[in-house]
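By written order: A, B, C and D. Residues from 1 in each chain.
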Amino acid sequence: MGEIKALQLFHGPNHPGMHGNFSVHIKVDGDIVVEAEANPGMLHRGFEKLMERRNWMQNIALILRVCVVEPDINEAAYSMAVETIEGMDVPERAQWIRVMILEMARIANHLMSLGGIGGPTGLYTGPNWALVDRDLILDIFEKITGARVYHMYIVPGGVRQDVTDEILKDLEKVLDDIEKRLPEYRELILEHPIIQKRTKNIAVLTRDQALSWGVTGIALRATGVDYDVRKYDPYLVYDKVEFDVPTVDFSDAYNRLWLKYQEIYQSIRIIRQVIEKMPSGKVREKLPGNALKWRVKKGDAYVKLESARGEFGYYMVSDGGTKPYRVFVRGASYPQGLLGIEKGLPGTRLEDVAIWLDTMGVCAPEIDR
Amino acid sequence: MAFTIGSLIYSGSIFSVIIYLLTRFSVKLGSIFTTVLFGLYVYAIYILKDSVSISFIHLPGAYNLTFKADLFNWPFLMIGTIVLFVSALFSIHGLKSFKSAASFNFLSVLVGTSVLGVFGANDLLTLFIFWELMTWASFFLVSMGKKEARSAALFFLFMSMISAYLMIYGMFLVYNKVGSFSLDVIANNWGDLSDIRGRLFVLFVLAGLIKGGVWPVHVWLRTTHGNAPNIFSSVLSGILIKFGSFIVYLFVVFFPAFYLTTKGVSSVGAEKLSHPILAYIGAISIMIGTLSAIRQNDFKKLIAFSSVSHAGYIVLGIAFGTGSAILGGLSHIWVHALTAAGMFLSAAAVYYVTGTTNMDEMGGLVRKMPITFTTYLVAIISVAGIPPLAGFVSKWLIYQALIAKGNYLLTFIAFFGSVGSFLYVFRPLATVFLGQLPHKYDSVKEVPWSMQLSMLIVTILTIVFGVFPSFMLKPIIRIEEALSIPTVKIEGYSNIYTMLTQLDMFLVAIIFGIGFIFVTILFFLLAKSTKVEQYEQYTAGEIVQEISTTPEIYHYSKNYYRSFERVIEWAPSLEEYYRIAARHISRFYDILDGIIFKSGIPMYVWFITITILVLLLIRW
Amino acid sequence: MKEQELIDLIEKHVKYEEGSIEVYAPRKLKFILKKDDLVDTLLFLKRNGFVQLSFITCVDWIKDNKFELVYGLVSWEHKLTVLVKTFIDRDNPKMISIMDIWPTAKYYEQEINEFFGVYFEGNPNMSKELILENWDSMPPLRKDFDPQSYSNEKFEIRIYDYKMEDKKKK
Amino acid sequence: MVNMIILAVVFVIGAFIFQVTLSGFSRKVVARIQKRRGPTVFQNFYDIGKLLFKESSISHGFIFDFGIWMALGSTIATLLFMPVGGWALMPKYANIIVIIYLLAVGSLGMAMSAVGSGNPLASIGVSRALTQMFAYELPFVVIAVLIIYLAKSSNILKIIEYQTQNGWNLFSMPIGALVAYISLMGMLGKKPFDTPIAPAEIASGPLVEYSGKYLGFLMIQHEFATFIEVGLFVHLFMGSTSIIGFLIKYIIVYISAVMISSVMARLKIDEVVKFYWRWPLGLAILQAIITLGVRF
């Protein structure tokens, strides 16, 4: 006999338990996963190559398509990388607005993944509610930037246009609204006995595993490490606002959800401070000459931000030309999406595979690019 | 020509030698001859239906073997011979690659005569002699099976020995008291045996339970059924474990009721016949059998445990003691004989083409073996007690009796076994017959015609007895009426009345048929569908060539009920305890063995000695 | 730890290339080393608090006929980020795998192997495909790879025939 | 005879229209709970019609087809035994045990067809479905047997008669009604007991390979099975002879089940078994003890 007879299953790319065009090949014995292998590549659009063939400014329209649910982080990282290489200063107000935009995106993303646990566990009221509330934020985005999902708002040198006080007032109202509704999510999802049963002690990540795989973000913070780029390497004006980094000591699916829930509160807190403290002034540094013929100085830089899933960075190289010489996107879910699946999924129950992928924040487009 | 049991047995023992020689000459010819002989048995028993025939075989010396065929044992004889015939028919091609086919046929004729001898015995000694004949014949038959068959056969022999000694002891008790072994005499004097009746009851019923494979003495079934030659398994499970049920029937129903009837009691009340402890033992057997069957990975072992569960139903029905319960229990003997034969024969057919009974090595065989699949499907529908097949009738009668008495625990367990049987019977259906067909079986074909025919006979009988249950129930109702047990009323071929409600199996079948035909017509009226190859599947959007995903690993068969097993894995296994006990005992024997004997046969002598010692301890 | 302290530490213990240490942004450093010193340096940095490997990437300097490998390390203790860079020969791109130091390197290296053709010794995934399926051309992120000619060669040019569509509709 | 046939046809079509409309309405209810507008009430008719008359559908062999015929055929057959209020097509044979077991033929047919498709996901789903059946049937059976014993008949019409004389079983055995209701949720496959078709885990399990008319047949089968199961609950616990009354009670029971289900998450299959065997089964036995204690 010798050989283990296991059942081959395909979790994705076209599977209700999988977000994005990403596939996990699993081998199952009864209902226990014995072997797992990630199979990315279905969403590969060759961004890194495409960027080398486009102008510095043209790329703005391209990069945000790297990740659907949180596009703003790409714009910010790209712009900041360009600014770092060029040595550009960004107007104070633009920095505050960027923080606001990033935090709004974080709320939208966390809402979606908090409600999204309803997908793998079958509580479909969760995602529906979350989408309704996310829509409120998208409305504000629309007012600020003119677009709902792909904003192309943060550009090298600042942001595209100023935010009016009216919009800020609307934003405050939306924040109040969401804050009022968060306890409902807590009741519906976090205190739901069946959700607790399905997520507690499920998809456990130990600190050693997290370190050796290089996992960052909420999955890491749930193991007790309070590593958050916003605190450890403050960019923009994160050192001027007050917020906490919630951590817990045991990284299971439930605690990761719990952290997302807590982070929504923190983000709301940050946005409120931004609205309060934001100075007036211009929001965009004018670029020298024609933007399409803009040459960035020779050099390279790695810029990282804290995305909703963890450390997100751009490594960019300029050879002094009108186009980037090399762009590398460090997707936040790269470690858990490849090595994590290979090492972490075996031993999990078949029922928990979707929960594992969902709460670890495996985002296919970041892996493929 | 008037047949008697005696003449049939005579002819059987003469023909056994002829068949042995014939089989040496040609396997097929020998098997055909066996089939003809058993066919003759079926015919003979059938025409004995309404008569009472008493016959003798004269032995050298003072004693005669006496036989009787009357309405009290006719149902047993009938179903026994039917199963014998069917499995003999199956063996015409089934024995082809069998090494010792001659001995196999010789022994199965002996088993055949022993079936007649046990069910047709008119006295306990005759019963015992044929009982032992069966034990020895099956011992050799079982040891012809798989690799582990020898130790399994030894274990079988050991259990049979215990049951035999229990019986011998019981027989001497009876003889001391009434001076005869005759069943009639015992039945007539049953009331006067009050001082030894309890002991008698325990001895014989325990012997019956061992043979019948009822908890807690079911442990031999798994190894024996699992390792016996495939063709013989159907006889073993279909008939031989019914010997146990027969003994239980004799001592629980026949003797007391016959005695009361002859005393002129107009209606034998249920209380007088009910044996609650026995009924609960049957119930436990149902649960243990069901739960263990769910965990099996071997096709035949799974069926073996289902036999444990169904032996439980039989004992439960008989021991519960009301008219409809006894009717249910006795008719379940028919039902299970047929379904067990059907299941084991289809397992044998599968083994014939694949050479394995491990369920996780197979799959998709329905494409190659439609007849075998149909046999199995009909058998499991009957096993699960789903209308309109025979299994539903007997189980329904048992439920009715239990509910009418308001016995919740037993009702609950009876339903437990029934619903649980969905789980275990579906596992082979899904893993062996449906799903992906592995490449190594691409070239297999359906089994030869004799096997198909014998499986078809079983299938048709199961359906007929289900749709027209009166064929099965009338003979048993006749027994109950003769014993003055209040029983259910049956009208026409299919309409059954009990205290609680009525049931018309034919109507159920007709309505089911109408629904089925209506849907089928509707199906064909709608647009035609496209047929695709077995590997053209939903694979979650992955493009998978057949090469990268062989059918072997794209078929869910291993650990089919892993999650359910997780729920019950805390449960202690009786077999494990027995094994621990056995290990301790055998260590003890090893020490003795080392001192006194060297090897082999002494073990058996020890069994005898120890058993006799145990018996003596009971006596004094 | 401030940036300067780290620079001192590196100057003391690491054989970096003269003048290549640079603080290009607050809390972010980069420096260049010889290929052979890389593993020792990474081990040294890991021992000194840089427990996280953020990424590995590669830049194709086709004019110098060199590949530049960039290792991004993060220290939570010191709140610093370091880019360790090294150049390897473009004609025979080989590097030692650092899978044993950081298991997560496995897939970064596999990706670089796929997109640049750099071979990492000791990584078992080297010849396996990760993202590109059935790729049979030059590693695509090399500068001399021309997507346009590749696509012209691989895919037939389809011209949308609107007249045919109109006919179908009618 | 002709009368019977006409009645049977009217009954089947009536039950179909009623249940499909109701399930369309239930989708509306769920949509409101989830802050959506939801499809029209007649959406399920459109769905079934569209599926039935689709020109292309995929077959995976004879068993795949045969199982579907068996599933829908036996469910329609079961429906014909089912009384509505005090009326039944065959009053003498409205036997609860027959109904429960005939319904199992439908499940068996569907299971066979699903596994016959050869997709392992379907096989996993079926293994879960059978396990779940094992879990929920037992508590239900204890209560059903209790009612049969009290009514001294397993004929549903007699059980209804018993209740018109002695009051609804819902009031005389509230715990039992609760148990049966939980079992009903399992029978209907409503959350938290929709484990057999868990989409995120096994991509809808048994349904994974169905398309076109096959899926249409299965949808019809599901609607009929729902009618039988919910109807059985109404008859056992809220029995009365009026047909309108039956329909109103039916709507209440069904919609409440849908509403509860919409705020529930899915349990794992072994937790389903543990749950049913711990709570509903325990409560069912408690109810049996109480009821028998009161009576004797």
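The working rule: a contact is a pair of C-beta atoms (placed from the backbone, for glycine too) under 8 Å apart; a residue touches a chain by one contact, two chains touch by 3 or more.
Quick caveat: nothing in here was measured; it's all calculated off a predicted structure.
Asks: Which chain has the mean of its C-alpha atoms lying nearest to the mean of all protein C-alpha atoms shown?
Replies: Chain nearest the overall C-alpha centroid, as shown: D.
Asks: Counting C-beta pairs in contact, which chain pair has more, A-C or A-B?
Replies: A-C
Asks: Whole-Å distance, chain A centre to chain C centre, using C-alpha means?
Replies: 22
Asks: Once you find the CA centre of chain A and the CA centre of chain B, what distance in Å lies between them?
Replies: Each chain's C-alpha centroid was found; their separation is 64 Å.
Asks: Just give me the whole-number Å value for how far the CA centre of chain B lies from that of chain C.
Replies: 70
Asks: For chain B and chain D, let me know how many angstrom lie between their CA-based centres, rounded off.
Replies: 35
Asks: Please list all residues of chain D that touch 2 or more other chains.
Replies: Residues 120-121, 124, 203, 268-269.
Asks: Which chain A residues reach two or more other chains?
Replies: Counting only residues that touch two or more other chains, chain A contributes 7-9, 15, 31.
Asks: Quick check on chain B: which residues sit in contact with 2+ other chains?
Replies: Where chain B meets two or more other chains at a single residue, that happens at 540, 554-557, 560, 563.
Asks: Which residues of chain B touch chain A in the complex?
Replies: Against chain A, chain B makes touches at 360-361, 539-542, 544, 549, 552-560, 562-563.
Asks: For chain A, which residues count as touching chain B in their complex?
Replies: Residues 5-15, 18, 23, 25, 27, 29-32, 39 of chain A touch chain B in their complex.
Asks: In the complex of these two chains, what residues of chain C are touching chain A?
Replies: Per the stated touch rule, the residues are 24-25, 27-28, 30, 51-55, 57, 59-60, 70, 72, 74, 76, 79, 81, 83, 102-104, 106-108, 115, 129-133, 140-141, 145, 147.
Asks: For the complex, give me every residue of chain A touching chain D.
Replies: On the chain A side, the touching residues are 7-9, 15-17, 31, 118-125, 128-129, 132, 188, 192, 194-195, 197-198, 349-351, 353-354.
Asks: Which residues of chain D touch chain B once you look at their complex with the stated criterion?
Replies: Where chain D meets chain B, its residues are 52-61, 63, 65, 68-70, 72-77, 80-81, 90, 92-93, 95, 97-98, 101-102, 104-105, 108, 111-112, 115-121, 123-124, 126-128, 130-131, 133-134, 137-138, 141-142, 145-146, 148-149, 152-155, 158, 203, 208-209, 212-214, 217, 268-270, 273-274, 277, 285, 288, 292.
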